[in-house]
Every structure is written in structure tokens, then in C-alpha cells.
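This report concerns only the one structure given below.
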Amino acid sequence: MTTKWKQSCKAFLSDKMATTGAIVILFSLILAVFASWIAPYNPNVVAEGSTRLMPPGTEGHILGTDQQGRDILSRVIFGTQTSLISAVIPVIIAAIISVVLGVIAGYYQGFIGNLIMRTMDIFFAFPAVLLAIAIAAILGPGLLNVIIAMVIVRIPYMTRVVYTDTLQESQKEYVEAAKAFGIGDIEIMFKQILPNVLPSLIVYSTTLAGVTIVTVAGLSFIGLGVQPPTADWGRMASDGKKVLMQGYAFVTFIPGIAILILSFSFSMIGDGLRNALDPYERSKAKEKKKISRKTSQHIA
Amino acid sequence: MNVQSALNTESLLKVEGLSTKIKTPEGVLTVLEDVNLTIEKGEIMAIVGESGSGKSMMINSILQLLPKTLLEAYSGNIEVEGENLFAIGEKKMQEIRGKKISLVAQNAMTSLDPSYRVGKQIVEIMLEKTGLTKEQAKEKALNLLEQMGIDDPKRIFQSYPHQLSGGLRQRVVIAMSLACDPDLIIADEPTSALDPTVQLQVLDLFQTINQQFGTAILMITHDFGVVARIAEKVAVMYAGQIVEKGETADVIFNPTHPYTQSLIKCIPNLDWVFDKGAGKKPLWQIKGEPPNLMNLSQGCRFFNRCHVAKDICQSTNPLLKTVKPYRNEHSVRCVLIGGGNE
Amino acid sequence: MKKKNLIISLLLSLVMILSACTGTSSEKSGGSKKGGELIIGMESEADVLDPHRAGGWVTMRITNQMFEPLIGEDLSKSSKEESVPELVPVLAKSWEVSEDGKTYTFHLREGVKFHDGTDFNAEAVDFNIKRLTDKKFEYYDEIGAGRTFRTWKFFESSEVVDEKTINIHLSSPFSEFPRMLAQINSLQIVSPEAIIKNGNDSMGENPVGTGPFKFSERKRGENITLVKNEEYWGEKALLDKVIFRPLSDSASRVLAIQNDEVDIIAVPPPDSIENLKDQGYEVVSGTPPHVWYLTFNFDNKYMKDQKVRQAINYAINREGIANELLKGTVNPAYTIQSPGAANYSADNKWYEYNPEKAKELLKEAGLENGFKTTLQTSVDGSGQLLPVDIAEWIQRDLKEIGIEVKLDTQEWITYYSGYSDGMASDVGMNQMSSGRTSPYFLSMVAHSEFVAPGGFNSGKYVNPSVDKLLDQASTSTDESKALELWKEAEAMIMEDAAFAPIVNDSAPYVVNSRVKGFVIPSEEWYTLAPVYIEN
Amino acid sequence: MLRYVLSRILSTIPVLFGVTIVVFLLIQLIPGDPAKSILGADATPEAVEELRNNMGLNEPLIVQYGAWLSQLLQGDLGYSYTLHTPIIEELMPRFVNSLILTVASMLICVTLGVILGLISALKKGSFFDKASMGVALIGASMPVFWIALMLMWLFSIKLNIFPVSGMYNMRNPGGFMDLLHHIVLPAFATATVSLAVIARLTRSTVIDILQKDYVNYFHSFGLSKSKINIVHVMRNSLPPIINISGLQVGYIMGGALFSEVVFNWPGIGQALYVAVTSNDYPTIQAGILLIALTFVVVNLVVDLLNVWLSPRLQDSIKAE
Amino acid sequence: MKEDTLIEVQGLQKVYSGKRSLFTPSKKVTAVKDVSFSIRKGETFGLIGESGSGKTTVGRMILRLIEPTNGSIIYNGQSLRDLSNKEMTSLRKEIQIVFQDSGSAFNPRKTIGAQIAHPLKKFGENQDPQFIHQQVLKMLEVVGLRADFFHRYPHELSGGQRQRAGIARALILKPKFLVLDEPVAALDVSVKAQIINLLIDLQKEFQLTYLFIAHNLDLVAYFCNRVAVLSKGEVIETSSTIDLFNNPKHEMTKKLLSSILTLEGDLGEVYKKRSVI
């Protein structure tokens, strides 16, 4: 590990909020992987002797049971699976695609760059949530389709981030130096420029992962998310609205809090990473303020 | 104010034993140590130093512009016309800024608000700091611009900063610094970003201002050429300390501190160009790099780079000693010349 | 379900009968109470208010207040009073059928005017018929025709005899024709003048009919307001104004009635009903023609076996679903025929809960060790109740007899539009909720003519004997004969166990107690003419 | 300048064109048959085929696009599959209602967001700063529908302060005050996330401007802090804040879908929700298109506003 | 072309097409109008001019980092503009550039050693890692950097050290011709001299030819044999340093010369003095 990364790690770990966020994510990862061992009940079936809407604190059901009598704790635990998958996978895929598009567009500019970025502009005309809804509505509900929708929706934003960074980096003299040695474009783009673009993309992706959890929950609310009976926080929260009016707020409240905690943790890590990658990032951040304004619409 | 201090008001600015400590993530840093300076009314003084020598900290200390989050502590004294800046409180300090002492910023481009016409920015200062009406302020601003050698002051008045060339911008900033008729202008490397031809014009402008308004000027620079051109007195700074000060001619033609000597010798000698027989002399160079203030050794701060250093320099912290006590004070911080403590 | 199509509507403004029967009210209190403004919280936004084009019951419940058919159903009696709404004359004061059963003669009511002031007459009826049947007609309406085609299955021609008499000629006897005319999406009479003046599309935006309520205004997403038709030909409505308010979220509907923002709400969440009753609201329900049933896939190797189908039928605890899961808002269903139809009898029960019998049957089929299969269901949808919960209940019940059921859940419309495509051979069964007051419903679900893909017989159930019975029944000219035939067909279908009926919705409405005269007949819709608000 | 405005307006044409293509293609990707959707699952195959022909669904894609676009240009958004009405009639009144909600949400998130961000920036590192930024981040981590549900639970059910649904009290509509009473909860629910975004951006922008040379320079003249903050810091923070606020319009229109559904607000979002759940593709198509167009217009306005606010941009435009 | 000419630039021109808008035709910006000069083997050729005069663009065009709009560049008898990319790549070993230290001349994410080694790894004949490592260490020594700088990151170096590393990188493939693009402009006075001395030493050691781009004249006067003065994209005067300083012909040149600040005041004073003598 290079000293730079060591420094960044140190800075990150000294950030209490970010570390807490990382611990929460790690914890939820463990929950997701070992859900079947950890969860006290089958999340999709009413346990023997359970009745509907047992309040939190009931013996055997710490977080109570839902409107069908299923154990909420178990459903929350299993819900980490879909939440993590739907948050992380689309962001990773979108990041990979965006890196290619953004680096090429930023490095070549001209016709290719214009073509890519103008295409992205078209997608910026759609509020991200609506675009996701439209795509998911057309593809039909289901986890895979949610992932596809989120990938499509995230690409323009991430591409823009990569593009701006690449644009700046490619004007720097170390790139000219590489060109002066006759080093090929591909190598310059992906070996020289990319490492400098990645940190801010990682920061952005982390934040986006948090946002994506929230967006996916929104899709679930509309019925476009993961299909029942699979435990999914967004759907749990929106299904709970049926009994919300009768005073059973916890059915909605608990999964919502789970979404909040996970999403918040990703944001904290994002913030922590941003600070940790300082001061190098800060100088860059200034240059690209203009763009970050555009991209801060990401929360969508 | 008692009689004694009233007598002392002769000096416009008097800095005595000033040390400035700031907070950094790595710990407390002493950026200025034991700085002594006096500027009389109507005088042009230069401070010469390379990056990291503490020139900017000087300005921030004098105008007390260091944010609380950054400042650890001051020690020593700064007096303006006999008033101790550390004692007068923020309100009075606000009075002094702009009216008594004003600043010519280093980078004129970034020091003007891009959203307003430059005239408005000059007028704004006048309106707040002086009792002028809007019309009076505008008239005065136009006058000032004209005095800055600007041909078309009305147009410039109506321009936005980005519409002006570097030289014009610098003139506007100088005009701004004169808005409230200050007694002292501190000019922070006002020409380092300019093309050589423009640099010369701006330097001349400072001289004109000095002569015309009797304004004292503290010129911060890294270039002895600039010093030679306009300053009457000069102080050479190295690593947060003044290492040599005196009348310009004395310092330039009789540099005493090894650092000053080196700096002056670093300037390329052009004799070979004009005197065909002269031939090129190798360029004088100082070895090494300026020290990191974070980990200073106890002795002389120039020790590592010094071409005449002796063992004693490594262990003894030199004091600023007068080497030429008569007529024009010329003092040097070097153990080998003036001696030191410990 | 959004049995969105086809059924008839009727405007029940048979006011005379009404005032007599429901008479609890109007007479005693005299004029003082007969007014008021009624707000109904609907389960979704209505679609187009053109009665020919309307696609859902939600809309038909509104258009039904403004439009009238020639023959209607008596909606003034609750399901308990009358399990099948009686056919009554509305805009036709009487009608006759020819000997061969192919010609219907309608004698039209006199003195009827449309809301726009134009006269109702035989020409108007003819215009309406042409709008739905005659492709060459200037005002032919494709969508309307598409929605009402079942009524016109045997239609040949119409003939204006005189100002107040019209003949309709059929190509074959059609015993259910009068009942079909009384259904929604049939021959509700719209004002020809309005269409001639403003075009076919205008009827949806500005409906003009003959009913006891007139259209006032519509704010999309907010409300549809009807006002009393002061010029009504019969007994006038009691309410001054009716506001239909779409509240698609069931919880919001509950809250809205609790906050007194609405007077009546449709489809309350089952969980809320006890609560609301305790708070003094009335829960009105009936036995509308609705059945939630499983369709077995005859392409599936297990489901081909009649014994397996019967075993599944026996294995499901319908009482449990109705009372425990759905809190008594539904009744267990033991026949595929939906309530409200003449041939329906609650006493006709097939396959009452008997898991032992089910296991036995499986054993006979050679499947004592059980098998795995898939059940497709939607996640929600109109009339679907709580489809996933019900499916999960069934999943548990079937596990008891060794059948492992995998649930394949789909979003409603995807599911609904795929339903008529049929099932892949690895899918064991799917599920639907539907129903008609006409026994013709049996043909829709079980006749080979409607086999998927393209028809409503999603399981591809084909039994020539059933087909024959159904055909005879629908073309019979003798009503009682037809009834017998329908019953015979029903029994045969149930013996085949082509379906597993699960529950019948009782369509509960929660009503503020000051609302009087609101009755749920054995239909998917109701009349508001006798309703009033008690001060 | 006028020329720039014109050319900027014209430059949205390719974007709009692209938007129509995307929207059109989206709908083409749908499996299933629109004709069938219109007629219902139990329609006869013949009827379906006939409708397909009449709807032009058997034409090549490009012909269909052309036809669709030319209809669009005439203000015809097509027919709803499920409502059987011209979509424009369905959406336009709702569009107005959505705009009302959007404007209310914008008012909330811009005023509160800017105030919060400004105070946090000026008191950087203070408890207020940390607390409000923490809350802002939490606010941005919640699904809108959930915020809406929780607000509804607390304020409508538990405290019974605000109505649960709708825009007006149906029984006795009370004009503006009634609207205000109804709009509070949905507007707040919609605004939360944007409020957080605006607060965070305002904070970072102001902190950034506070570090600018010219701000320090004006300090060196002894100008009062509050005046510098107002005249210089706020003025220069304005363009980014306006920019982000403009972008929030898009987010708010997206988020409004959720609060409209929860609070039964008769807006375009609610119509979209219904369209999505009933696979009414033409309505989805039209709704998305309408919102995208609005968003493009808002962005255009924001861009022009920024140019108007930035002398530098104006000049670079003149130079072009 | 004379025997001893290493590089000859003829009528070099660079026109940037500005952004086109719907209503205005694209506006063209001429960065370099007409530049011609030739550099002899082993000499240091100065290119001076005020900011915006196009001097940096000329430097970049010689390396074909920027494609010229017009004109020819003849290096050692070969027209650079006619070379294929492949041929140009092999020629790049001979022509190198040292940038002004702006902190961005090195990739911040890679060690100094790796970056100096990079061209060797790419184009060197001997690919033995040990050999490459040795070469880099040798080069570090040549430019006066300790071996432990090999593993450092650019931001851990001071400006002067980075500039030395930049020179090392440029020299690693043993080039014949170096473009020095304001290599000391951002450095402190005390460090400036170190770098100039280093460059002078290296020139002797490796028989290098320099194109020295600068905006202030004192260093040019000291460092260069011949000078071309650039103004608004055009060469207004080319001559030997001595001639130029003693006998400036163009007004602009005179103005530039008189702006040199010396310890005795500006050079104008010197001229006055000399003319008196």
C-alpha cells in the first residue's frame, strides 16, 4: 500500500462518523450474508404461534410482527440482502460504464466527446427518479430490472463526474509529458488519468450507493421493486401504510429507519472518503465546482 | 495617552519583537519570530524573502487578519502611530484598516469581486470608511483612477474586473488601496504576476504615489531588482526571521548576511553581454532548499545552505545585531558577524 | 377485479318501487331531509365517463347515476333481499320477444328528455345501437364497440318502428340478451345530439344522459361532481349533489372518512373494519357477482389429472381465508359461478375443506409424495383483495398435503394482460377474480371458444359436453330451461374441477351513519337515487 | 444578449428532440400489445388486430415516431389506455396542481436550505453547523414516501393538525387558506431531500466564497463583516445556489410523485403512479415527457438567470 | 538548411477555431501567426515574449503535442509534420520537454521513480527491471537528487526538486533536443540559479540543444546564445544575444530590454550610461 493510501486510511479512520458508517455497512454485510443463520424466523412465513401486528418488544418478536404476522426483525435482516444488492451492484456497473464513457469523452472531446456528452444531456432532462420509474415500469418489476433501471439512471451523472475530472487531468502537463514520449492514448487514459479520476468517482459512488437505496425504496413503493414475498425494506415500509392509520406505525417505521441508517452510513463514508482524500481532492474540488453543482442533483 | 508615548508617535508603524504562532493540523507553527521593523511616514520600505519566509504572515499580523481558527498567539508589539494594535480592540482596528493602513493585494484578478463593476467596489469602501456622499465618492474614485495613469477612467470605472488587463487591474487595486487616503500601503508582491514591461510601469506608479501623496509603502517582494528600483530601506527575511535590514544601498552593495549575499549574487550577471571580453561567469547558487518551519534545528536557520557556515552556527541561535550603528542603521542576524546568544 | 368489461348497467331509478320499498325514510320526514351533499371516497380515479367506453366498475358506478338502459336491474334491494337483481323496465316501458326468440320489440317510455333538453325516442336508441355496431355509421365508436361486443354477439339489425317503438333482430335466440342489456358497457342511452354537436369524444368529458343525476364538473384527481336532475322523468333523486372523490390509498380513505372528509368509502382495508364499526360507522356489504378463483393449467402434467385438481380443491381452507385472513369481508366460495346470477345457489357446495380426502386423492393419482408446482398471482389489482396473502395461505394449505408451491408474483396489469395468453406448461395454476350476474360468465371462463391465448379461459379447459351445454343454455328461448342448462354446465365444470373457487367478495362499503338509504344490491354497482343525508 | 437568449433557446431543440426519441423508444420497448391493453384481456383477436391497424401499430417504427411527433407538436399527447380520454385533458389540470405543489416545496427548500446553509457556513465547525448538517444528511437519506407517511402519521393521525389528503376540503372548499392547510405536509415531505441538498451546497459555496481573495481583501479595508457577507459573499454564492435550486425542481417533480400518492394530491405524479400501476403506457409517456419538458425549460431559465448574474459569462457570450 | 542546424521552423501557424453558435460564424483565434527560426546543434536558443505572445504554443507544436495549422518543422533533415505516428513516436526519444513546475507536471498518483522509468519501460531497448532501476538512479544522481527520491510522490518534493526530477525524466531516453518551457519561472530565486546551472552542466555533458522559452529577459541574456523575440504570434527579431542586447532593432524588443530590473536600477539606465560612454 502506498503512503498516500495509508495517509488516506488514517484520515478516514480518524473520522468518527465515517468509521461508524463503515462499521454499519460491514455489519449489514454480515447480516446479509448470514441472514439465514442470524434471523430468528423465516422472513416470508408466519411463525408458529405468531399473530398479526404484535407490537415491538413482544417476546420472541423484538421488533414485532407485520400485518401478515411475519417477524419484522427477520424481514429487516433479510432485507439487507436486497438493499445492499440494489445499492451496490448498479453503482458498480454504472461506474464501470461511466469510466469508459467519461474518460473517452473527456480525453478526446471533439466529436466523440460531444456525442457522448450530448447524449448524456438528454438523460439529464429527465428527473432521475422519474426516469428510473419509467424504465422499471416498462421492464416490469423485479430486482434485476430495478438494477438495470438504476444503472441507466446513474450513468449520466457518473459519466459527467468522470468526464469533468478527465477533462482537467488531460490538460495537465504530466499527460503532455506522456504524449511527448509517444505513449499511446489508451495507456494515457486508463493508466495515467484514470488513477487520478478514480478517487472522486469512488467518493461519488459511495454517496450514490446511499442515494440508490432510497431511490430503490421509492420504486418498491410504486410496486416496481423486488417482488413479494421477498423481504425488501422499501416494500415493507410502503405495505405498512395500510395499517399505519390504525396506529401500527412501527410496521412502516422500522424498515424506514433501516433504510435511513444504511443510506446515511453510505453518505457518511462518502463524506469521510472525500475528506480523507484531501488535500489533493480539495484543490481539484475547487476547479470543478461548476460541475459538481450539476452533479449534486444526484440525490434523485 | 501620556506625554512619553506621544513623543513616540513619530514612527508610522513600529513592530517590536513580533512573533506569530499559528495552528496547523500538524501542530503549532511559529511563522514569525522576533521581527523588528520601523516604518516612518512617507518612507518606502521593502521586505525581501522567498516563499515560506513569512512575508504574508507579516501582512496578516500587521493588519490582524489571521482568522481566529488559525491564529494561536501573537507576542511582541505592533504600534501604529504609538497605538498598540494588540490592545485597542477589534472596533478600533477596523478603523485602522483601510484608513491608516491599506493593502495592495498580490493577485489583482482574484482580489476584486467578479460580480461588481470595479468603480462600485472602490466607492463601496469610501462610503463605508469615509463620510463622503455617493457622488463625492464617485468623483474621487474617478480622480484616483486617473491618477493611476488610466487614460479612460470613466470606462474603467464601469468595467468588470475580468474585462481589464493584468496591468489595469493592478492599477485599480492600487487605486482602491488609496481610497481612504491611508498613511501606509502594504503592497504584497504587486508585480510578480505581471509581464516585465508592465511591472516597471506599476513600480513607477508606486513611486509617484509616494511622492504625490506622501504615502508610506511597505513593499513585499522576492526580487532584489524591485527593491533596487524603489525602496529606501529593505529587510531580508528568511524562515520567519529578519536576517538583515538597512538602507537599500547599504544592503545591496554591502550585503553582510551570507543569505543576502547569495541572493544578490544569484541575479544573473549580464556583463558578458555588454562587455565582449568579460565572458560568462558561472551563476552563483545557494545549495539546498529553504527549511521546513515545522522541524527547525536550534542554530542558525540558514546553516544548511550557508557557504561560510562554521560549527558554531549549528548550535547558536543568532540575534539581529547592528553592524553599522552610525547614521544609517544596518543590522544582521549572523553569529559570524554580529554574534548570538547561547 | 376490474372485471372491467362488460356488464350492464342500469339505472335504477325506479323510483316508485323505491320509495315504497326503502320507504324507511322519505315519506316520514317529508321534504325537510330530502337533500344534502354526499361525498364518496372511491378506490381509484374514474376513467372516461362515456358509458359505452368506460372500462372499470369504478367509472360505471358513476355513469350509472347519469345514464339509463332500456332494461335495467332493480338495484334498490340489498343482496339479502334479492340475491339476483330483478330485471325491470327503464327507458323501455315494456318489451316483447318474438316466437323464434330472434326479435325483441321495445316500447319506449314517453316524456323522457336528455339532460341537454333533447327528446328521447326510437331514433336516439337506434343512434346508440349504430354507434356500437355499425362500422359504416358516422358516429361509430371503435372503443365502445370493443367494450360492448358481448351484448351484440347475435345482433343482426335494428329497426325503428315508430317514434316510441324499436325492434332489434338477432341471428340466433339469446336467452341472456335482456340481462346483457341491463349490464354496464351495454346499451346505456347517450344523447345523440350531444355527440352530433361535439363528437364522439365529447361524451366522456361532458356526459349527457337521461338519469336522475346530471354531470356538473370534473377535476382530474380531485372530484367528479353530479347534481340532481330536476327534470327527471321518474321519481327524482333526493340528494342535491354527489361528489365522487378518488382516494386510491386505502389507508387514506379510512382516514378521510374518520376526518369526515367523505361520507362513504369503498374497499376499506380488512384490518380497519372492526375499528370503524366500533367508531360507529356502518359497514354495508352485499354479494356482488365476484369470485376469486384458481385456474388449473391443462397443459401441466400434474394438473391434467382430475384427481390432483380435486385434491387441491379439497385442501384449501376457504373458511380460514375468509374469516381469519380477510376478516369476514369475503365469503368462502364453493362454486365457480359468481353470486348474483340466477343459477347461483349458496347451497351448492363443491369440495368443502377436507385435507384427508385431498391426500387420498393424491395417493390415487400416484403422487402421495407430493410434487412441486408454481402458482402465478398478481401483487394487487382491482377486486384481487389481498392476492399475495391469499396465495401464501394456499401455499401453506397445499404444503400440508405435500404439494410445494412456488409463488410467481407479477404486477397487476402485466399479470392481467398476460392472463389471456395462458400459462406455460411448467406453471400449475394461476388466479383471477371475476364474475357476472349473467350465468353467461360460465361460458366466458370455461367455453373452448374462449381458450387462451386470446380468451379468458386461461387454463385451456376444454370439455365438449360442457361446450354443448353452454351453447344450448345461451341460445335457449325458454328461461327456465336455460336455467337448468346453466346449472348442469356448472355442475359439470365443478366435477371436472377445472377451477378452484376460493372466495366471494362481499364488497363492503363503510358508510357514515347519517347517510340513509345506501344499499348494496347483488351487483358491482349501486344507485344513489334513494340516498339522502339525515341532518 | 438577446441573440444569446435566442440561441440558448434554440440549443435546447436537440435536447428536446433527444428527449422525444428516448421517450418514444422507451414505450416501444414494452412487451405486450397496446391494442390489447385498450380493449382488455378478454377482447377478441380480430378486434385487437383491427385496432392495431387503426392505431398504426403495424407501421415501421420511424413512421410511428413521425406520426407521434407530429401529433405531439399539435399538442396531442395521445389517448390513455385505461382512461380512454385524450391524455392532455387528463394531465393538464393535474399539471397545474403539481406546479402548485412544486412551487410550495421550492419555497420551503430554498428559503430554509439557504438560511440553514448560510448560518452553518458562517458558524463553520460550531454545534449548530454540525447538528444542522447532520440533520440535512439524514434528511437526504430518507425515501420521500416514508417521510410523507411519517409526517402524515404524526401530524394528521396523532396530532390531527393537518388533513390527510387532497387539495381542498370537499365539503366546504375554503380557497387559499384551505389550500395552504392542505399543502403543508406534502410540500414539506417533497422538500426534505432538496432542502438537505441546498443547505449542504449553500454551506460549501459560502465557505468557499468566504475563502476567496476578494473577501479577505475587503476585510483588509476594515469593512464590516455583515456587509461583506451580504454584499459580496451572498452575491457571489447566488449563481451556484440558483443553479442547484433549478436542478432541485427536477428532483422535486420526481419526489412529488411520492407525496402526491401518499397525500392524494391530484397532481401529475399521482396520475403517473396510477398509469404505472395500470400500465397505461401512453400516459406514462406523456407524463414523463411533460415533466422533462418542464425541466428543460427550468434549466434554460436557470442558465439564463446565471448568465444575467454573471458579468463574466455575459462577456464570454458576447465574445463568441 | 545549414550543416549544423538541428531544427528549423518555417512559417509555423496555429489557428484555433472558436465555438460556433447558431447566429455567429465560428470565430477564429490565431495563437501563432508566423514563426520561423532555426536552432543550431549544441546551442541554447531563447524564445521570449510577453504572456499571450504564443511562445508556449510554438514549443508544444515542435513536439507535435499541438498540431500546427500551417508551416513546417524540419528536425535533422526530417519534416516532423510528414512523419507517421509510428515514426514520430520513435523520434520522440530525441526531442523532449521540461515543463514549468506547476505541480502538475508529474502524475500525483505515481512515484517519481516510476514516472522517470516509464519511458524506458516503454521504449528502452533493455527491459531488464534491474537495468531500468539502475538507469533511473543514475539519472537522479545526474540531476542532483538522492536515490531515496525514487519512491517518493510528487507532492512530497519541493518545487526545485520536482524540476530536477522533470529534467531527469526528459533526459532518461538520452534526447538530443530539449524544449525548456519556462522551467524556472515558478521557482524561488535561490533555486532558480541551481536549475539553470544544472541545465548548463547537462548541456555540456550530453551535447544537448535547448529551446529556452521565457518571459523575463535576464535569464535569457545569461543563458542563451541566440534569441528570438515573439510578439502577438510573430517573430519580430532574431539575433545573437549579444547583438540583441546591444543593438535592439524593434521597438518591442527595446521595451522588453528596458524593463529588466538590475541592482543598479533598470537596464534602461545602463543603456543611457553606455551611450554616454
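Chains here go by letter, A, B, C, D and E, matching the order in which they are written, and residues are numbered from 1 within each.
Assume a contact is a pair of C-beta atoms (placed from the backbone, for glycine too) under 8 Å apart; a residue touches a chain by one contact, two chains touch by 3 or more.
Please read these numbers as outputs of a predicted model, since none were measured by experiment.
> Hop across touching chains from chain B and tell me the fewest hops that reach chain C.
The distance in steps between these two chains is 2.
> Which chain's centre, taken as the mean of its Cα atoms, is farthest from the centre of chain B?
When every chain centre is compared against chain B, the largest gap points to C.
> B-D versus A-D: which interface comes out with more C-beta contact pairs?
Taking the two pairs in turn, the one with more contacts turns out to be A-D.
> Just give me the whole-number Å value for how far the CA centre of chain A lies from that of chain B.
Averaging C-alpha atoms per chain gives centres 52 Å apart.
> Whole-Å distance, chain B centre to chain E centre, using C-alpha means?
33
> Determine the centre-to-centre distance between chain C and chain D, using the mean Cα coordinates as centres, and give it in whole Å.
Their C-alpha centroids are separated by 40 Å.
> Using the average of all C-alpha atoms in each chain as its centre, how far is it in Å between chain A and chain C?
The mean C-alpha positions of chain A and chain C differ by 46 Å.
> At least two other chains touched by the same residue of chain C: list those residues.
Expected reply: 249, 252, 255, 380, 411, 414.
> Please output the residue numbers of chain D that touch at least 2 other chains, ranges allowed.
Where chain D meets two or more other chains at a single residue, that happens at 157, 261-262, 273, 277, 279.
> Name the residues of chain A that each touch 2 or more other chains.
140, 223-224, 241, 244-245
> Show which residues of chain A lie in contact with chain D when the two form their complex.
Per the stated touch rule, the residues are 118-119, 121-123, 125-131, 133-135, 137-140, 210-211, 214, 217-218, 221-224, 234, 237-238, 240-241, 244-245, 247, 249, 252-253, 256, 259-260, 263-264, 267-268, 271, 286, 289, 293-294, 296-297, 299-300.
> For chain D, which residues count as touching chain A in their complex?
Answer in residue numbers: 14-16, 18-19, 21-22, 26-27, 29-31, 137-138, 140-146, 149-150, 152-153, 157, 193-194, 196-197, 200-201, 205, 208, 240, 243-244, 247-248, 250-251, 253-255, 257-258, 261-262, 272-273, 276-277, 279, 281, 284, 288, 291-292, 295-296, 299.
> Which stretch or stretches of chain A touch chain C in the complex?
Checking each residue of chain A against chain C gives 44-45, 52-53, 67-68, 140-141, 223-224, 227-229, 241-246.
> Give the list of chain B residues in touch with chain E in this complex.
That would be residues 50-51, 166, 195-197, 199-200, 222-226, 228-229, 252, 262-264, 266-270, 273-274, 276, 280, 282-287, 289-290, 305 of chain B.
> Chain A touches which residues of chain E in the complex?
Touching chain A from chain E are residues 60, 63, 65, 88-90, 92, 95-97, 99-100, 102, 104-111, 115, 118-119, 122-123, 153, 155, 166, 169, 173.
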